[in-house]
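Before anything else, here is the set of structures, which you'll find just below.
One chain, chain A, links the two complexes that follow: it is found with chain B in the first and with chain C in the second.
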Partner chain A sequence: MTERYDVLVVGAGPAGLAAAQAAASHGRRVGVIDAQARPGGQVWRHDIAKPPTRAAQAAIAAIDHVELLAGHTVIASEGHTLRTESAHGAHDLEYSALILATGARELLLPFPGWTLPGVTGAGGLQALVKQGWPITGKRVIVAGSGPLLLAAADSLRTHGAQLLGIHEQAPARTMAAFTAQLWRWPERAMQALGLRARLASVPYRFGSHVRAAFGRETLEAVEIVGPHGVQRVACDHLAVGYGLVPDTGLARLLGCALQDGAVHPGVRVDSFGRTSVTHVFAAGEACGIGGLAVARIEGAIAGHAAAGDDASATALLRRRTRARRFSGLLARSFALVPHLHALATPQTTVCRCEDVPLGALDDFSDTRAARLASRCGMGACQGRICGSALAELGRFMPAGSGRPPLFPARLDSLAASAGDLSVTADC
Partner chain B sequence: MSGDLIHLCVNGQSVAVPEGANVVAAVAQVTTRFRRSVHGEPRAPLCGMGVCFECRVRVDGHANLRACMTPVREGMQVQTDD
Partner chain C sequence: MSHFDLIVVGAGIIGAACADAATAAGLRVAIVEPGPIGGGSTAAAMGHLVAMDDDPVELALSRYSLQLWEAFADLAEAEFSRCGTLWVARNPQEIGAIDTRIARLAAAGIEARAVDADELYRLEPLLAPGMAGGLRVPGDAVVYPPRVALHLVKRACAHGATLHHGRRVLTLGDGAVTLDDGSRLVGPVLVATGCALPQLLPELPMRSRKGHLVITDRYPGLLHHQVLELGYADSAHGDADSSVAFNVQPRPTGQILIGSSREFGDGDSAVSPPMVQRMLQRAFTFMPGLRDLQALRTWTGFRPTPIDGRPYLGAVPGYRDVWAAAGHEGLGVTTALGSARLLIDLLRGDTPAIDPAPFAPSRVTT
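And then the complex of A and B:
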């Protein structure tokens, strides 16, 4: 059975919730799809130990009159219809306008030992503890790059982790320059100060990165390189992430053009969030990493524009420009130092699904040949993890194939009522 | 926030986790290894948000469910890839 919506939003994070609220304010029938069981996305993810922030509560309450399709994963698309899969089977959702608020994922880079149990993303471990992952008393090293390290560390601290240190790869002088600019964004400055105050007892090191993890069946220690040399630290968890990359899988499936010249390109949009495909909009992190404020404003702009109210969208444009300026500062300040690209050795697994070592890709100059010969990127994650990593390392594999099924799906979901939803096998 | 406890069975072992938790939390109480890779290496969750598929387990007979995307329900039977 096909449900029809005037405006369909994919992603119930800050951008998607704002988009849904704006579109619904014009009396449109609006649906919001999210793969998670609850709205909020990653930044407002439900925490089993903590009530939601007031901002999250308000944003979720504001979509009262919107149909929330939680636990729905988009698997395919045809014309103006998306096929989703939930625990109850397949669903076809037709739209007049579609807003992609698919957010971002963490950039995870391969290094010796990164496949050991106990090694997670930084945002990854934050998400896990919010889901109930036992962390009380566990020794945790947080490493990588970007403001997410502090936010993750703060969540881990709240849940009782023993934080041994936060290791930011950006050098101290870059971090000093970043801090000196922060006053121009008072809200961000206050947020950073609050985080630093709550984490005052945890060492925060700059110009410092983890180069290897050790352990037999599970993580036992990491080796950290800093301005003062190398140290080996025993720990239970390593939470390491190198910032965020836009999630553009669905945009690519729909044929939306991406930005030119970026290593991890976002969806290309105009000021109203219109993509290169008619009736398809995008907002927030999917269009380039910008953070919560950008996501809220761009979501609202796209929601108004998708409902045909260009005036309300226009009224928000100045705020958007200002908020986006902060993303530029973030990108410059937390640019990755080149030696992070050399952490993986030829023996280091790069494709975790198929256990393909980095060295197995050396003899290939194009993605297709490498995939066929090595199976790199052809496992369950469909190249989402290794694709972004290889793009960052300057190799060729693009992140994910952009072909249906967008996520592994049950055969009966793909076959259900067949229709003409085009599904081509990926391998 | 954590109100009632939900009881599940992971690899034959009884586990209790707070309501609102995901299956990943229950498995973590029992083992550090969620699955074995194609070459037999131990693996556990990486991304925590449904992208990496490292946390896939069998739940009530359904194979390959992402433990980080699956809310717990009373009486669930969970099996890791041992």
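And then the complex of A and C:
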């Protein structure tokens, strides 16, 4: 049996929740799908140690007329039907309009030692500790780039980590300019001030990056390069992320065009969030990194537009333009310094699924030829990690086949025919 | 203008093998390939080196080729694994066909052995209950085709071949080709463009037969042989517009590659969910335990299929110095090395090791 929705939203982060609320306000039948067990997306991810923020509570409460399909991962698409997989099997969901609010992923860059156990993404470790991963008393270094470093450090601190330092690659000069601009977005400025106050005892270094990680079985130490030279620091965890990249996997599966010319392109949309495919909209980080405020507004715009209320969508456009300006500031301020592209040596693993060292790609100028010969990007993560890393290094365009399954899925879920499927909301 | 002893058009597994065989024979070779080496049908293939016995002509070519593959057994790039083939019989009728198949394979010099139901389940415990028995061909193997193609091209280049990479042949004349950058290469021409053959040689009919494959995560030790249903040949060589057959392969990585489907269509390479469903359902009837494995990727490819299912290998009538090596359907990896030797022998006026007559392109032009 296939369930039918007027508006189906993929992603229950800030963008998806706002989209669902807006679409449902027009009396439409709305469903929200998210792979995670609870709504909230990245920023409002459930934290076992902390109650949700008021904004998160309100956004989640606002969708009580919406069917929430939590724990459902979209794995395939045909016509106007998405196939999801949950613990209960496969499900087919049909839509009249679809809103992609699939958010962003962390950008990880290869460097010697980055595959050692103990090295994770910054947002990655944050997500783990929010779920209860034990971090109390562990010595942690946070490194990479972007506002996410502070947010991650804050969560780690809350859960009892011993933070040795936060290392932002952007130079002090650029960071000063960024801070000077921040007052134009008071919400962001307050958020930043709050984080800095809570992390006051933790050194926050600019123009500083991790060059290598060392350890026999697991991480034991890292080598940090800063304005004052090289330093070796013993630690248990390195949480390192170089900012965010839009998650466009589902958009590509559906055939939506991406932005031209960007290293990590988002989904191409018009001001109402319409993609190049009719009846498919996109909102939030999937369309370019902009943070919470952008996600909320774009979600609402797409929700109204998908429900056919262009007037309500139009009313929000000015706020969107202002919020999106912040995306530009983020991109400029946290642009990666060129020497980060040279951290990986030819021996450094670039594709951990298939154990491919960077040097194995040297003979190829063409993405497909390199992938065919080395199988780089063909493993379990389906090129999500190495594809973005290689794009950042200027070697290849992001991998990702645009073919089902979008995420690894049981063969049974791909094999089920539509007639055999059932849908259970809230499971 | 450059002169060569042979211009190989297309660097799939067939063109690559031909270029390699030609340079080994001392010829001055040019290779023209617009895309990645082995990036056509070759990239999509399962890479099963298999002796199919339903057509004696194909079997002779396969047998010849399989012997040549032995030289690649220790080559790292080939990822050669001698898993053998296990053909599964579901019922007494299918068991009844096994002796004939053993005899046909034996006549071609290929070892094969009947296995009873007990041994079948010992060999592959994952099989569904109720199977009647099977046929085991221990010499069959598995390779990774695109890397072999790349290896062959590199070896040809090391022996003096010139690779015109990123270039496409636009037109073809008696003993010359024109490339898309306007340059002209002169010498005998060998067209090895697979499904694209009719673009240069419209007189040689070719259809593209689409296939789907699904690959799983790593499950080392779960499967030991390439396992197929005995009825596979009915799907493979039957004429149905679309068909599926049970065909699973253990990759050296522990991944399991699942096929196979065949359909004539419009050339759209998109994955068709209904076809994947049909193919997997077929696989589950033979191995229900596959249901719970994690699928990582799906893809499609096209088999270059001439009317009679046999490849074109030889001089193309109506031209001087134009040759074809294309149309290997679902067996082009298996038969690549033998096809290349046969063709280079013909080109040089030597007598090939097997009878070339059934493969002559003239069979369809006259």
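Quick notes on this structure:
Operating definition for what follows: the second predicted complex is superposed on the first by the 415 of 427 C-alpha atoms of A that agree within 3 Å, B and C clash if a C-alpha of one lies under 4 Å from a C-alpha of the other, contacts with A are read in each partner's own complex, and residues count from 1 in each chain.
Here is the rule we go by: a residue touches a chain if its C-beta (ideal position, glycine included) is under 8 Å from a C-beta of that chain, and two chains touch if they have at least 3 such contacts.
Being a predicted model, the structure only gives us computed values, none of them experimental.
Judged by the touch definition given at the top, the superposed model places A:134 against chain B, while chain C stays out of reach. Partner contacting the larger number of chain A residues, of chain B and chain C: B.
Once the two complexes are overlaid on the shared chain, A:118 sits against chain B while remaining clear of chain C. By the touch criterion stated above, A:408 is placed in contact with chain B and with chain C alike.
Shared-chain residue A:50: touches chain B; no touch with chain C. In the superposed pair of complexes, A:78 makes contact with chain C only, with no contact to chain B.
Of the two partner chains placed around the shared chain by superposition, chain B is the only one that A:218 touches, whereas chain C remains out of contact. Of the two partner chains placed by the overlay, chain B and chain C both lie in contact with A:379.
Residue overlap on chain A between its contacts with chain B in one complex and with chain C in the other: 379-380, 408.
Considering their complex, residues 1-2, 17-22, 24-26, 28-29, 32-34, 37-39, 41-54, 56, 64, 68-69, 71 of chain B touch chain A. Those residues of chain A whose C-beta lies close enough to touch chain C in the complex are 76, 78, 83, 366, 368-369, 372-373, 378-380, 382, 401, 403-405, 408-412, 414-417. Those residues of chain C whose C-beta lies close enough to touch chain A in the complex are 35-39, 43, 146-147, 150, 214, 216-218, 258, 270-271, 273-274, 276-277, 280-281, 283-284, 290-299. Of all the residues in chain A, the ones that touch chain B in their complex are 35-37, 42, 46-51, 105-106, 108, 115-121, 123-128, 131-134, 217-218, 352-355, 379-381, 384-385, 408.
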